[in-house]
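What follows is a set of structures for review.
Each of the next two complexes has subunit A plus one more chain, namely subunit B in the first and subunit C in the second.
Moving on, here comes the complex of A and B:
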């Protein structure tokens, strides 16, 4: 009797594994195994053309070399500026928008639809619309010179401006997405808390600081973590709008990975850069986890 | 009482003012797309006029006729995108459903450990796996085929999370009573749980559809022949080759966006639900 029960339990477990098997196979084959392989070749020098058996391991060479590689250093610098400029400004704007719209506006779903649409349309389309708007006879230069501003630069071809165009485009793309998340977060704040605060004589600003900010802290935390991760993966706008240029002014990590792997075929070096990219994401995520205890009231 | 009426009046005034302001902001945000659609209806002559008008003088379909003519392969690109996107969407929904259900409702050794592993992979940037995947696909000879997009596209870890989250909300007793009836595990799943998960299926399906339709990086790396290009990749190739034809570039962009806009407007609530279910529960 006892044995029979055990056997049926084993059978149940085996069938349960078949439920996750398709997905698990995908994860092993296309994520875990590639991760291991990537780590191995990141310690090698390999041009892709020569056979894998002749791969030469070079120890930490790739990881040492990058710190004297100006293209890599520019990518790190630009990517940090990009992340630290894009994420806080998009989040602050979205939070302000969400608080006002949630409290005062009619037609919330229309506003949401309009703001979120930038996130739905493909980055390729968005990038080319921006390119057209910023081109010599595009909307923005003609608007600016119409306003009497002289010497309007060609933004995408200017080392001082190009990175800021990418930052502006990222804020424009992500604003609606963050806005949607904040709107949902705000709806979960119990009305009674605001009422209690009003009874205690809170003004608008105190309401925001004492009730809204702590209550939506988990949402803020989620957005912060994911947005930082995404901003270290930015690729398509760089590839389509600037190719990292002019000069190295808009090189970023994911773009440099692509260039070194698929244009220069330095597979080992490129793999080592992906691990530095991962390290950045990992460090930022861990920092935020550590900080979460301090500012997210559970 | 009087003070209350005062307050109510102030709030409704603020409400009107802010509503107007945010409709205006919303409109400014979508101006780039309005401008793109507008240019797609303009003739090259009209584009030379200065100052530029946001809206076209008349609706003129000739750019669309040009873009859809065989020489630009737009219909071919659409067919490619539809093929890859629908296979990947159906595949991810199915594999995510099965795994999400297993992680939520079935008991087996190592379940929680495997799930933690899934969680951890979310932090890994796709750039890490792309070089090894390229090498693997090259070895097995599927570079420059749609299979290279489908092989990875039918698995979605985010989909597993969303499905698991949803199945956790469905009472476990449902399945238990079916188990007493002696229904097999797959029967229990397909007859009882899967129909109840329809909202989650819609959400995962629509989000996957959007990501797949808009994907640019994978096709860029894995496809070579232009007859295999999906819409975003083909659009990029077209724009690079036709720098000066602004009205055609805009039309190509409009054509690429129309399917996604239709899906978005029709299924807005699933989009919102999907985004929010990922974020708030976390």
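Moving on, here comes the complex of A and C:
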């Protein structure tokens, strides 16, 4: 039996919608509408300066074309390597630091601030600092030469090293943020569990595996999901340090989206790459959601 | 809950309908521009004679450009406003990056606050997309002969055989040479008949030092993306790399010759910084010559602006100039690299059509002096070598060699220009990337040329 609709209910809802309408309009105008528009033009050919009347529908051409586009394929390969290298490295290092600091260190807040500072400085500044550190007379080549290593490469000018420089920079930037999250997670682990474990004769390693890791699983899950999403959106270091080079060794999906749209005036093709990027992120995130049922403690 | 979803869906649908409707109402700017022009040109004749009698109304003209205000535009504006005191100028400085190009495109689409502009890239794309006023009717009406005024290569700046811009400068690409280093090494300034063998010998002789302290004999402009191609600038034109209809790329033996010359300089003689070093250090031409990291630099004449900037780059050595070297293997091929640059265009939505055209006409023929002083070479043939060198060198005779500049300016070599268009740009990027991999040791030059030309050809066909 349907519930009778009262005017007072309608009035209450209208008032509620009126209050949220400005924000809702903003979301619709600046988020939902552009997303819908990008889906439409991903099936079209359009440079962004011609009038909308000159958008020509091309069906699945853009989606078919990208799989024979060497720059797109290089972007996918590089981005996958970047994500698979950056995320576990940053998480492992941050967790190790967090465990050590939580267990053994005094002055936790100072350490937290110092480590987090790499995350709050501007990416532009960080990129130029890394470029200076890696230049011929910079810190890293000087250290390596001082250690007796011959033939120190030009890291940013070497196809074998340029991508790893970006990965190292990403780990350095994100370490502090993940560390702070893990510190918070570790502080929520009940001390009694560790005491009980100690009484049962567990060592440090067993405490870590059987108590710490399961108890911080929700934090780990959150970090994993968000860091993978961020790693597929990498753009600024590529634009500033390498422009996708040398060759196409540091092309990334977000960078190639930008190049296609604004250098080559192929907004339709660029939109299709964006939707493929969305699909990658969506698939990764869904896989993690499925896996969390097994390994994240409720 | 279902009702809320229905309301949200309705709102979204309404938004999409609005977006779709806006496309139906959007007039095609190119069509409106040309029809505006056709309706304005005859009216302009009538209004022009009326204007001569009436007091000109004061207004603001908006001029967008990539040249810093105090390095040319200011002087031009001061000179023009003496003749037309009713006009106030607002100059908007553009950057040379993508973001600035997008800003310009947005302003042109809206038509607000822009009358004349000098885009930093995508000249032909602006015409293609309807973001530039067609000037052909004005040119024909006023009896302007741009081919005679500027040169045959003016046609490379036309779109569909129509004029949309007037390129106001030439950008000769030449060698800037530290004459003091030459003298110290007991070497003579190269003249216009010098060859790539001379380049190799000179660069080797002028190189010294090791590792991070090495000073190179030569430097090619890295951020153009085609360092390997620059040694052949004197005997290979970009036009010869493409078929006549620009539908495919041609494997010319001079491409391999150029790559091999660069490879020798980079790997064997070590007389030029390698691709890897340039990528890592982000070298630029001004830094290389003015910090004496390189004795010779191949770049555009815009470098003169930095050479004359003694505040930022204090130095005492004298800079001489030379055309790109020729090749003994291809004696019949001789080019001077001199692209037309700095096109001035009119916004299709300007409210001051006649005034904008009058300014454009005056600027390229009579008003370019201010730009010359800061290192830009005029496209108008009415400027002689003496006039240009006087404006350019005056006051800087101790650091700029006038004689070699006049020799370069008066060169009778045919001009080698660059092809315009997005497809050409993508094709060249594909080729340059493959050759860069060869220079980094990842593949041979032959493999690089084969792959690069194939991928470049694919880009032209798409």
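Here, the second predicted complex is superposed on the first by the 285 of 298 C-alpha atoms of A that agree within 3 Å, B and C clash if a C-alpha of one lies under 4 Å from a C-alpha of the other, contacts with A are read in each partner's own complex, and residues count from 1 in each chain.
The rule we apply is simple: a residue touches a chain if its C-beta (ideal position, glycine included) is under 8 Å from a C-beta of that chain, and two chains touch if they have at least 3 such contacts.
Source: prediction; values computed, not measured.
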| item | value |
| --- | --- |
| Touching partner for A:262 - first (subunit B), second (subunit C), both, neither | both |
| Touched partner set for A:17, first subunit B, second subunit C, both or neither | both |
| Contacts of A:159 with subunit B and subunit C, given as first, second, both or neither | second |
| First, second, both or neither for A:38, with subunit B first and subunit C second | first |
| Partner chain in contact with A:207 - subunit B first, subunit C second, else both or neither | neither |
| Which of subunit B and subunit C A:275 touches, first, second, both or neither | first |
| Subunit B versus subunit C as contact partner of A:70, first or second or both or neither | second |
| Partner chain in contact with A:114 - subunit B first, subunit C second, else both or neither | first |
| First, second, both or neither for A:106, with subunit B first and subunit C second | first |
| Comparison of subunit B and subunit C by subunit A residues contacted | B |
| Residues on subunit A lying within both footprints (that of subunit B and that of subunit C) | 17, 24, 32-33, 37, 48, 52, 258, 262 |
| Interfacial residue positions of subunit C with respect to subunit A in the complex | 7, 11-12, 15-16, 19, 22-24, 26-29, 98, 101-102, 105, 109, 125, 129-131, 211-212, 274-282, 422, 425-426, 433-434, 436-437, 440, 442, 455, 462 |
| Subunit C partner contacts - residues on subunit A that touch it in the complex | 17, 24, 28-29, 32-33, 36-37, 47-55, 65, 70, 131, 134-137, 153-159, 162, 242, 245-248, 258, 262-265 |
| Of subunit A, residues touching subunit B in the complex | 12-13, 15-17, 19-20, 22-24, 26-27, 30-35, 37-38, 41, 48, 52, 97, 100-101, 104-107, 109-118, 120-126, 128-130, 132-133, 139, 142, 146, 172, 175-177, 180-181, 184-185, 188, 218-219, 222-223, 229, 232-233, 235-236, 239-240, 253-254, 257-258, 261-262, 267, 270-271, 274-275, 277-278, 281-282, 285 |
| Complex contact set, residues of subunit B against subunit A | 11, 14-15, 18-19, 22-23, 25-27, 29-33, 35-36, 39, 50-52, 94-96, 98-99, 101-103, 106-109, 114, 117-118, 121, 123-136, 151-152, 154-155, 157, 160, 185-186, 189, 210, 213-214, 216-217, 220-221, 231-232, 235-236, 239, 246, 249-250, 253, 256-257, 260-261, 264-265, 268, 271-272, 275-276, 279-280, 282 |
